[in-house]
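Every chain is named by a letter (A, B and C) in the order it is written, and numbering of its residues begins at 1.
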Amino acid sequence: MAKNPQLNANGELKHLLSIEGLPRDIISAILDTAEPFTEVAEREVKKLPLLRGKSVFNLFFENSTRTRTTFEIAAKRLSADVINLNVSTSSTNKGETLLDTVDNLVAMQADMFVVRHASSGAPYLIAQHLESTNRPNVHVVNAGDGRHAHPTQGLLDMYTIRHFKRDFTQLTVAIIGDILHSRVARSQIHALTTLGVPEVRAIGPKTLLPTDVERLGVRVFHDMREGLKGVDVVMMLRLQNERMTGSLLPSPQEYFKFFGLTEEKLALAKPDAIVLHPGPMNRGVEIDSAVADGVQAVILPQVTFGIAVRMAVMSMLARG
Amino acid sequence: MAKNPQLNANGELKHLLSIEGLPRDIISAILDTAEPFTEVAEREVKKLPLLRGKSVFNLFFENSTRTRTTFEIAAKRLSADVINLNVSTSSTNKGETLLDTVDNLVAMQADMFVVRHASSGAPYLIAQHLESTNRPNVHVVNAGDGRHAHPTQGLLDMYTIRHFKRDFTQLTVAIIGDILHSRVARSQIHALTTLGVPEVRAIGPKTLLPTDVERLGVRVFHDMREGLKGVDVVMMLRLQNERMTGSLLPSPQEYFKFFGLTEEKLALAKPDAIVLHPGPMNRGVEIDSAVADGVQAVILPQVTFGIAVRMAVMSMLARG
Amino acid sequence: MAKNPQLNANGELKHLLSIEGLPRDIISAILDTAEPFTEVAEREVKKLPLLRGKSVFNLFFENSTRTRTTFEIAAKRLSADVINLNVSTSSTNKGETLLDTVDNLVAMQADMFVVRHASSGAPYLIAQHLESTNRPNVHVVNAGDGRHAHPTQGLLDMYTIRHFKRDFTQLTVAIIGDILHSRVARSQIHALTTLGVPEVRAIGPKTLLPTDVERLGVRVFHDMREGLKGVDVVMMLRLQNERMTGSLLPSPQEYFKFFGLTEEKLALAKPDAIVLHPGPMNRGVEIDSAVADGVQAVILPQVTFGIAVRMAVMSMLARG
C-alpha cells in the first residue's frame, strides 16, 4: 500500500479513512464539492444520477441507525443501489472472517463500502486488502471505527464552521467534553489544525482528556469558563452513557455543573460564537436545552450539511 | 396549531392523524384519489413518479412488519426514496428525545413521516412540533398510535365498502369484537358516521365494549345473532392474543362460540352482506375459516385497496 | 397442480423450486441467459429495466443475510422494487398462517417471492397455493428450504463449471463433505447428472453420507485421497458448526485431517482441477487457506456468477 492509503497515484481521494493524512486541498475540495449538494436537498426532486447503477454497501459491524441513515440518504439521493448489511447478526457469526465477507461482496460487484466497526483500523484493513487484491475501483468510507476516527463527522463540522465563519485562520475553537473516548474529537482536531485554525482548545476533566493531548497542538483547559473566553466556535462532544455510570465521573449532575454548556457559560465566548454538537444530545448533561434550542446553536444545520458532505465524498470516490 | 391540525389554511390535507376531524369531502377525496391507483397495481410497470426524489421515513417506534410493508410498497410505487427506521432499537435508546429524533430527520430533508407509536398522540405531537418549528412541507401519517387511531385502516375499510356497496346512506354496518382495545374500531365508527351510514352497530361482550360507546352514535348488541340481523356489512375485529389469556375473556373457544363469525351466524345478515377483517386473522377465534375463505369475504380486496388508499394519502400530502 | 409445478403449460419456467425435475434444456437456458448478465455487472451503470415496477419480496422465514443480499442485488440490478421481510420476527408470531401471509402479499400485488424456510417443501406449498388460487403471474424462487434444495446455488455451481470446463460430458466431479445435511449437495448431484456428467463422486465420512446416496447415481468414497484421484472439479461443502460439536464427528481438527482440502490432497486431482465452495468457508476445517486463496480456487467467481444466475432466473420468471 502506498504511503497515503487514502489517495491514488494522481493524488485523488480513493478511500476516506481518517482526516489524519488528508491534505488541505483535498479537505477543501470535499467542502467545495458539498456546497451545491446542499441546494439539491431543497429541490422538489432531490436526486442526482451520479451513482446510478452503483452498489453501495452499508457494512455495519456495530449498530448505528443514525449514521447508517445519513449514508443511506446520501447514497439514494445520488441514485445508488444501497444494501444495508448489519453484519453483527450475520455471517461473521458463521465463522467467516472479515476479509472473506469483503471478498464476497466485492465479487458481487460492490462499488463502495461504508464501514462501521468497533475496532480501530478495520476500515484501513479493508482498504489495504482491496489494494493488495488489486481492486482499484472499490472504495471504503470509514463511518466510525472504535475510538479512532469518524471522518465524515469531522468534515461536516468543518463545513459548518466554514459556512458560518468563512475564514478558518482567524478562529479560536474550543472542543469540550470526553475527548479521551471520542472518535469525533480526534478528527476535529486534525481538521481544524490542517485548515489553519490558530488556536484549538481542549476543555474537559482530567479523566476525560488523553494524557498526550497537547501533542496534537491544542491548549488544554480544565476550567470550562476559562477555556470559553473569547472563542468563536464551541464544539460540544456527546457524553457516552457508559461514562456516566463509570468511575471516571462522579455523576451526570456534577458533570453538567462543571462541563455542561449553559447560557451563562456560553456568554463568556464571543457574542457571535456558534455551538456545534454531533448528536444525539444528552440534554441536561453536556448541554442545556436553552443552548441546544438557542440562536447560537447550529446543530441542525450540521445534520443538513452532513448529508451534503457525504454526497460529496461518495461522488468524489465514484468519480476517481 | 390551527383548530384542525390535519388541514392547511386552504382546507387541504396536511397530515393524516385520525379520521376524527376529517371533513366528509376530504374523506371522499381520498377515496376518489385512490381509485385510479388500484389500476396502477395491475399494470406491468407499477410505478408513478409522483413522489420521485421525496424522502419518506417509516418511523416505527413499535414493530409492525405488516403495516410497514404496506406503506413501503405504496411509497415505492410512487417512486419515493424510503428509509425504514426501527426506532425502538435505535437512538432513543441513547437518550435522545422523540422530538430531537424528528428534528434530525427533518434536517436530513425528510418529506414525510409514517409514524407508528405505542403512545396515543405521538403522531399529533410530531405534527404539532413541525407546525411550531415552521416546517409546512413535512407531513405526518399516523400508522397506528396506541389504542387511539389507525386512519389508513379505517379509510381502506371505507374504500372497500364503497367499492362493493356504492351508497353509504342505505347501509346497516356491524362492527364485532374487541372494540375497547381496537385502534381500528374508533376510526371505523367515525368514518361510517361521517359518510352518512344511518345505522352502525357495535357487537361484543360487555368487557370488550367501551362504557360510553353509545355516545359515538352506535347501537350496542351483546347478542351477536341479534346484532347481525339484516346487516349489509360485517366488520370483524382482530382479537389480540393478550386478551385471550387475560381476565376479560373466559377462553378463545368460548369467545368463538359467542362472537366468532361462522357461516351459520353470517346467514342472519343480508344475503349479499360482505365481511371485512383488518388482519392478521385468528382463524377459529374471531372468524371461522369457512367464512374467511368464503364468497362473502372481501378481506384480500381490503389489502389491495389499502395500498391504493395509502398511495392516495401520500400523493395528496406531497401535492399540498 | 400439473405434474411439474415448476413449468407452465408451454414448458417455460414458472417457479424455481428445485433442480430435481428441471429438464436439461431449462437448466441450459438459465445458464445461457445468465451469460450476458455477467457483463452488466462490469458496466459503469449496472442496471437493466427488466423488472422495473415489479415487486419482489424476500420472504425469509429463517435468517440468511448472505443469501438475501445476493437476491436483493440481483433484483435491484433488474430495477425491481425489493421488500425484505424477515418473517421470523413478524406476523406469523401473531398467529397468522404461512398461506395467509402469502395471500396478503399477493393482494399487495407481489410479483415474485424469494422464499427461505427451515421446513423442506415450504416453497412448494406456496407455489401450490398460488396455483390453486389461480395466480399465474406470481412466481416463487426457493432460496433454501430445510435440508431439501437450494437450486440457485446448484445452478451457479453449474455455471461456474461450464465457464471453466465447457463440456460437462467429459468430467469427473467430486462432492466432498457433509452430504447428509447439505441442501446444496442434492441440487448439485441432480444438476450434474442431468447435464451429462459421467462420473459424480460423493466423498465423506460414513456418518455424513445419506445411506441411499448411491441411488442418486454417485460413486461413494470414504477415503478422500482415493476419491480425489483424477477429478476435474472439486466441490467442497461447508461443515455446519452444529455438526462440529455433535456426536457425528470427533472434532474439527480430526475432520480437517481426513476431509479438509489441502494442497497436498488437491495434488491428487488433475493439475487443472478447479475448487468450488458455497461459502461461508470454515478455513482450517473443511478447507485450508492455501487452497481457498490458491490459483485453482474459483470460489469468488462463483459469487459473481451467482448474481448473474439469479438475475437470469428472475428475468425468465418475470417474462413467462
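Heads up, the rule we're going with is that a residue touches a chain if its C-beta (ideal position, glycine included) is under 8 Å from a C-beta of that chain, and two chains touch if they have at least 3 such contacts.
Note that the structure is predicted; figures quoted are calculated from it, not measured.
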### Query
Quick one: how far do you have to rotate subunit A to sit on subunit B, C-alpha fit, nearest 5 degrees?
120
### Message
More than half overlap in residue numbers between the two sides of the subunit A-subunit C interface, or less? Answer same or different.
### Response
different
### Summary
Distance between the CA centroids of subunit A and subunit C (whole Å) is 41
### Query
What are the residues of subunit C that contact at least two other chains?
none
### Task
Name, in rising order, each residue of subunit C that touches subunit A in their complex.
41-47, 63, 65-66, 69-70, 72-73, 76-77, 241, 279-283, 300-304, 306-307
### Query
Hey, which residues of subunit B end up touching subunit A in the complex?
52-55, 81, 83, 85-87, 89-91, 94-97, 100-101, 103-109
